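Reviewing the structure listed below.
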Amino acid sequence: MPAIDYTFWILPAILATSFITGVATFFLKETHANLRAWMNMLAAAVKVALVVAVMEGFFSGESFEMRFSIALGFDFLLRIDALSLLLTALSTALWFLTTLYAVGYMKGSENLNRFFGFFSLCVTASVGVAIAGNLITFFIFYEFLTLATYPLVVHKGTERAVAAGRTYIWYTLTGGSVLFIGIVWLYVLTGPVDFTPGGVVAGLVDDHPIELIAIFAIMMLGLGVKASLVPLHGWLPVAMIAPAPVSALLHAVAVVKAGAFGIVRVIYDVYGIAFSATLGVLTPLAVVAAITIIYGSLRALGQDELKKRLAYSTVSQLSYITLGATIPGLMSTTGSLVHLIHQGVMKITLFFCAGAIQITMGMTRVSEMSGLARRMPVTCACFTIGAFGMIGAPPTAGFISKWHIGVGSAQAGQEWVILVLLISSALNAAYFLPIVRSMWFGEERRFALEASTGAGRREAHESLLVPMIVTALCSILFGLLASWSLSPLNMARIIAETLYITE
Amino acid sequence: MIEPMAWCILAPFIGASLAFLLPGRVWRRPIAIGAIGATLASVWMLTSQVWNSGAQRMDLSGWPAPLGIGLAADGFSVFMIVMTGVVGSLIGAYALWHYSDLSDATEPAERRLFWPLWLILWGSLNAIYLSSDIFNIYVALEVITLAAVALITLSGKAEALVAAMRYLLAAFLGSLSYLMGVALLYATHGALDLVIIADQERAGLPEVGAFALMATGLALKTALFPMHFWLPPAHSKAAAPVSAILSALVVKASFYVLLRLWFGVFDGPAMYAVGILLGTLGSAAIIWGAFQALRQMSLKLLIAHSTVAQIGYLFLIFPLTARRPSGELAAAGWITEACTGVSYHALSHALAKAAMFLGAGVVLHVYGSDLLTNMRGMSRRLPITTFALAIAGVSLMGLPPSGGFAAKWLIVTAALGAGQWWWVLVILIGGLLTAGYIFLMLRWAFISEDAPIQLRPANMPIQLAALALALLSVLVGFRLEEPFQLLVIGDPFPIFDLP
Amino acid sequence: MNHLLTLAILLPAIGSLAVFSRFIGARASGVVCAVAAAPALLLGLFASTMEHDVAWMLLGATFGVDPVSRIFLIFTGALWMACGLYSASTMRSDPRRSAYFFFFLLSMTGNFGLLLARDVGAFYCFFALMTFAAYGLVVHERGAGPRRAGRVYIVMSILGELLLLAGLIFAVAAGAGIDMADFASGVAAAPNQELITALLFFGLGVKAGAIPVHVWLPLAHPVAPTPASAVLSGAMIKAGLFGWIVMLPLGWSPAPAIAPLVVTLGLLGAFGAAIYGALQRDPKTILAYSSVSQMSVMVVAIGAGLMAPDRWPLILGALAIYACSHGFAKGALFLGVAVAKQAAGRDMLRRMTMMGLALAALTIAGAPPLGGAIAKKSLKAAAAGPESPSGDALALLIPLTAIMTTVVLGKFILVMAGAMRTNEGKSAVRLSPWMAAPWLTLTLGAAAAAWLIAPPTEPMTDAPQPTIPSLSAGDALAALWPIALGVLVLAITMRLARSLPKAPAAPAGDLLSLYTLASRATVAAGRRTRLPGPARWKLDFVPLVLDSIEQSRRGETLTNIERAMKTWPVAGAVFVMIVITLAAMIIL
Amino acid sequence: MTRHDATLRRRRRRALLRVRIVVAGAGALALALLLVAAVLELPEGPLGLAEEAAAQLAHTGVDHAVTAVLLNYRSYDTWLEVGVLLLAVMAIFALRGGAHLENVRPAPRRDPLLTWLTRLLIPMLTLTAGYLLWLGKFAPGGAFQAGVVLGAAGAMLRLSGTPSLDRIGDVAIRILLAVGFLAFLVAAVATRLAGLDMLELPPGRAGDIILMVETLATISIATTCAVLVMAMPGAESPPAIAAKDVRKEART
Amino acid sequence: MTLLSCGYMSVCFGVASAAGAATPETPVLTSHLVYMLTACLLFCIGLFGLITRGHLMRNVMSLNVMGGGVFLFLVAVARRDAGESGPDPVPHAMTLTGIVVALAASAFALALARRIHSITGEMRLEPGDDNS
């Protein structure tokens, strides 16, 4: 055995890389711009390497676990299983890209130490959420995520930003404490609960189903805030006041994913899909998710602010995951899990483009963007790919997840889900295609920011472009090479199989 | 061999008398550091002794219980002593600077008298946690009150004096009603020792009278909700280290005595209705304190009101450990959770509140006033203090990964286990309101300041003291195993073995 | 052969990327357009049936060629090549030519991709790629007309794709396999076969221009640049047909109930479109309507195939030939319109183009010596054979469609003649040999196609196989009378039209006005009823709660109570009260 | 604020006052009843520690039971009690901002009767204090009574203006004040180091130790009482007076 | 004051008679019972004085009255448990300690009151308290 049991230490090491960098960035001097950039980039690279090591370790059958008992009742458990691998890979990869993007985007603005510090803390939290082994550890990182994102939302320090921060905090903290009550109640009822594929609650207690339904409802309320289900989504558009990298990584990927991931964990690893089906809790959740999908798209239609429109599209896209998760069936679960990755990649591309456009052209409103393609063709191309991904046009990744959720729900005999998918695709087209059309085919208008320079190409800074292109390519390749062995679809299928075998 | 229990009391008293006799500037720092070191050493020795060989008991001046006074140290008292020691020493480190000559915030007189008063206070806190004689507890309570009031008046401002006077009168009233209770108990049982009184069978009406008087007196000294009027002005007008001492430590002493009486002398769990009343008053405190804190415009008043709120959580132990009229324990399987949860809340609140008051002290020193509105852009000017305030806030809110979270987790588990789900609602609303006023404070820290104003430099040690306390209040939340084992040594909450 | 297959798809794709990234200049991109179609054409001509599995792509893609797709490849390849060649030369002067070439190549990729795809996933992927790329061609000439046409086109095609997606999802869910081989049988065996067939039919119908969902076609084709509309009308529409052939449960035992509906729609389309086309003035709109009517004829064939599963191989053969000849002819006619414009000046050229146009028109109409006649005959024989259920009705109706086609095309020829004489649409570009050649090849191809190409035989099924084409005298006569009748009718109507006051020009998209009215009404209704609940209610109630707490900050009630409690007498009284209550609680 | 409002407010305040008196009275009465009932139910007959105290008296080295309890059985209480006294003085110093007594008001003009009386009484007071101190061993007396008498002497000196404690300087004052507390402290530490329980007086020399501790306690109690009288704030400290005038016009 | 004292006397006799007339085993009016009852009444009178007015001097005095009540009660208990060697010394010691503690606290309270008076010119804590 190697001196240190590396299966024990690798998980905290993954967390530590971004945590230590975060804390270290606080103590840097404000002027050490490139040192800070390099430090963060290095940390991101190390973390990616570690995750890759864990991934190939996992596939070669090793199990990674770190258990540390806090008190008699509950212990702090970090554990890698197929499901957590999915989100860890996503968070780590996208953090690497977003850090590169943020370095370019934030050049010149002040108190960057605080920004990058909390940025890495947020990633620690989101990876923590992914590799949490039981509900309590999940909750610890879930709340840590809220705290770490608050300073980023109020980063600008203006009155409006702080007001947005306040709304954000009220929503997420209420959600958090409601979830807390749910977890404690479950703990009182069933004792310490670890995530085991196929669910653990079924075996433990079957004499008071009403309490279990109440617990499930409470947990969904708590997680619903972060997963932005309809009545609880108010904070997402408001939080768009944060700088672009924040809204890109956090509000499109890390924070909302924590909510959706939580829902998937609760349904599959705590309650077990079969037991929840017998309890009958899945259909109401599916209905709520459906309403969110439609409502999100409807609200997105009316938004003129690009980032607000993207926010509402996140609200609706996210509920695909919840919808897919609530439908019992291998295909729909695969669809929902793979959408976890695809939505992240596509949405981050769109936010990168939105940020780049805002920085280079000073444009934030959709109405101002006609004829933009001539000045920023690459950004517009990436935006188009992202937009088509959102609509679910075939070569992109969006199509794959919609296809799987659709087929899964049809197999499970819930045809209405397909109707919802269609309506939402149509609505997505209704609010994305006009932007794409006006970008490529709209007639050129004088642009606000660069009054002087002529008509030539004025592309964004390359540190903004590279991550954008990479994520755009990913959203195409994840679709095109979906059946490849290492593709996210395949990983999602493996996970889905593990969830269903034990049933 | 050295009996650590005695030295826990002797060391601070020696330090106090030395500090009183040698008030000179040159002597102050060595005496202070020496006293703090000695006390910490004796606390450490006591903890290891109790950890290894269980509860200790020592008869003072050679005479056994009924005649002489006994010092008893079981898990719970050692837990409180360790809390006082840790928080006290860190506040002492802050005070070392605050009352030293480089700070212009204090006059020479204050600097000379702070250490004797604080060390006597510390000694008498340890004395209370160790004493098992109700009259001795009365005298020690008096020492604490006088020392605390004297510390408040140190700052010399007019409103500090008024606050001190109100606190003195209230505490005097509380002590006298406690003394009347002691007299009644002596009249019925003929003995003053807790253990002896506990063994004798419960008498009728006199015991009821004694309980009513003593419980209310102690509740007044712990500032339970309706009787909290004296705490906010007293804790906010005093100097920073003093308000930290008051909020974090002094308030807990009278609660400790109330707990001892509740479980030992008066067989509290049998009184289900009284338990529910105390729990309701506690919940009212949580909500009222938080609401008041939300409405404050100055930082120290905000934190003081938050103390009133957080004390409410402590009083939830009474309903949770009470026995239903039908005789069986309300939270049959969850008693350990309830008791350890409340004591853990006391610990994490002490750490977090001390950190916040010290942070407020730094803000007061640097900005000249602790009005929330002029804390604009504090996160740029005082990053470490903002960080400390934020983390302490996290622990108060009970968000993971902090001590507050562990305590909240335990209390909520016990509440749900006991089927008294309404406390859970109160805790939920309380937690949210706490978040409300914490972020009210942080909100101003993050708003970027419009006009760059010239500020006094804040030197590092005091910020680090606040940060250390805040970090401790979070780290304490990570490992609960050992503190739990410590807490249950000597069976301080004797309701475990009941059927 | 495999490399040819991949090349057929990759060449146009790489070409489009090169054009986009400005890697190659405008001239080079023109050449690329022309060359890109070659591999597909060669595949069509020489490739034998084969299968090439690409496991990692999309949902496990497989590509390959089979007898039906070979025929489609031939005429599509030829058409793309001709139009590519043509647009390479005409488009050189156009300022936004690189955009044109980019979208041209992208649509070509899509078209070849879906023909070669042997699995549903790849088919749908390339189908969507072609649709979205074609939008670029439709709106190439900026301006109000193309914008409106583009918007209608995109809305309709998205609806079409969603219906197709739904159909595919239901089919796969019901057990149909991903690849084409057992997709149709899976659909046939599916419990909700009706729903799937309907969804697939209308999903692909949008692209193919089937009646209720054809409205975008008459709008889009005229506004697109001529080579683009030629390709649109000739090749891209056929993609819809190909989709039907491959996906619908044709030739499988249980005949779906909607078959009669399909037939009626086909017939309705054939007559309605032709009549409506005759009323139009713009030549390209007339041609568009003629395409709609021709496609409706094919819809009739499909309907017949659905109704008489065992006769399907026969109909399939005829259908392929018919589509091939129609493709060539329609491409030739569209190019002819452009060529006519360019040749307006010199009368010798004018006469030649008129001759060519007449030849192409006659092929479509089914004049005897030309390929069209054979196609029509075999189609009539297959679809309207004696033992097919509504055989005799069809036997009568198909010739009638021939009449209507002659009327429409006659009107087209007359309009073109008029335009040539007055040469008002004279285009600046001189007619160069590079432009004339492709047009000529297409016209000849139209005429000869039916003869040259052997109909695809289904090796496996034992159903009656299509015979080698032969045209007896009787057949020739049977083909002639409808044309004659058509010419007669046209002459009568023209005379009548001259005497009657100028009939108002019928709007291009006939049913569209209906649809826009309906959609505008629903949107207005939606807005008027103030969508109840969440949509209107801004749903962020939390800030309201916060503000109320904020206001309470100014409200004095709380502070008064707190100050009152601070006064000594009140505090004292509270103290005593608590002592009393504690004692009372224990005693009672 | 018009006169009408003033009268209205005053009437309202008086009404409020009346309500408060009634409530307080009722509360106090109820408490009285409770206590009376409790007292009536008290167990009868000898219950306390009278016998044990008397039985062990021999070992305490003192004959009078109360002194034995005070200085032997529960000497820890007495120690804390002296600590309270020391604290009170410290608090007064805190109030006055410093222990130096120099700026105490200068002695008033000499009054013949007063000076004669002090010259007569001071020796008598010290004598009785000494007697009381010594009496503690056999009869009620001891450190506190002696200390108070001596303190009264100090107060008299102060009132008659004759210089006394305010002359002897800050350090001396501190030592005199702390000597009582230190006595107990030393006793506790000594017994601890000697291996006995804290404050456990060896029976043999208990008597002398108690006497010695009592004398030191008397000294510190006396000084405390005197200083309490002398250092009472508000008597002289000039800054306070200035503040009062400020307050006066603020109010008018 | 006269009203108060005769009111008090009537209460004592009422209680005594009630005690006497009550069932035989209730204690007959022994001397220490009288002192205990007086002590309780003293305690409550002090309490009443404390909580009705806000004047600082009045409060300190009422607190001392309450203290006196408690100490009287202790001495009475000592009297009750008197053995042949005299009254029980422990309550006596407690009283002595209590008195000293009360002395210290009152001294400090008075000093504080005087300081507040010298600064604010009033002898009350809150403007709301009436200082009659």
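Points to keep in mind about this one:
A, B, C, D and E label the chains in the order they appear, each numbered from 1.
Keep in mind that, in the parts below, contacts are C-beta pairs under 8 Å (C-beta built on N, C-alpha and C of every residue); 3 or more make two chains touch, one makes a residue touch a chain.
Just so it is clear, the structure is predicted and the values come from calculations on it, not from any experiment.
Considering the contact criterion stated above, the chains in touch with subunit A and with subunit D alike are B, C. Common neighbours of subunit D and subunit E under the contact rule above are B, C. Path length between subunit C and subunit E in the chain contact graph, taken as the least number of steps between touching chains: 1.
Nearest to the overall CA centre, using the mean of each chain's CA atoms, is chain A. With chains reduced to the mean position of their C-alpha atoms, the one farthest from subunit E is C. Averaging Cα atoms per chain gives one point for each, and the point farthest from that of subunit B is the centre of C. For the pairs C-D and B-D, the count of C-beta pairs in contact is higher at B-D. In terms of their C-alpha centroids, the spacing between subunit A and subunit C amounts to 37 Å.
Per-chain Cα centroids separate subunit B from subunit E by 31 Å.
Subunit A and subunit B, compared by their mean Cα positions, are separated by 43 Å. One finds 71 Å separating the Cα centroids of subunit A and subunit E.
Shared interface positions of subunit C, defined as residues touching 2 or more other chains, are 566, 568-573, 575-577, 579-580, 583. Residue positions 67, 135, 139, 142, 146, 149-150, 153, 161, 166, 169, 173, 180, 186-187, 190, 205, 208-209, 212, 436 of subunit B each touch two or more of the other chains. Residue positions of subunit A with contacts to 2 or more other chains are 166, 170, 174. By the definition of touch given earlier, these chain pairs are in contact: A-B, A-C, B-C, B-D, B-E, C-D, C-E, D-E.
Residues of subunit D touching subunit B in their complex: 34-35, 37-39, 41-43, 47-49, 52-53, 56, 69, 72-77, 80-81, 83-84, 86-88, 90-91, 93-95, 97-99, 170-171, 174-175, 177-178, 181-182, 185, 188-189, 191-192, 196-201. Residue ranges on subunit E touching subunit D, taken from their complex, read 15, 19, 26-27, 33, 36-37, 40-41, 43-45, 47-48, 51-52, 77-78, 80-83, 85-93, 96-97, 100-101, 103-105, 107-108, 110-112, 114-115, 117-121, 130. Remark: subunit E residues 47, 50-54, 59, 125-126, 128-129 touch subunit C in the complex. Partner subunit B is touched in their complex by these residues of subunit E: 36, 43, 50, 56, 59-60, 63, 66-67, 69-70, 73-74, 77, 80-81, 90-91, 94, 97-98, 101, 104-105, 108-109, 112-113, 115-116, 119-120, 125.
Listing the residues of subunit C that touch subunit D in their complex gives 569-570, 572-573, 576-577, 579-580, 583.
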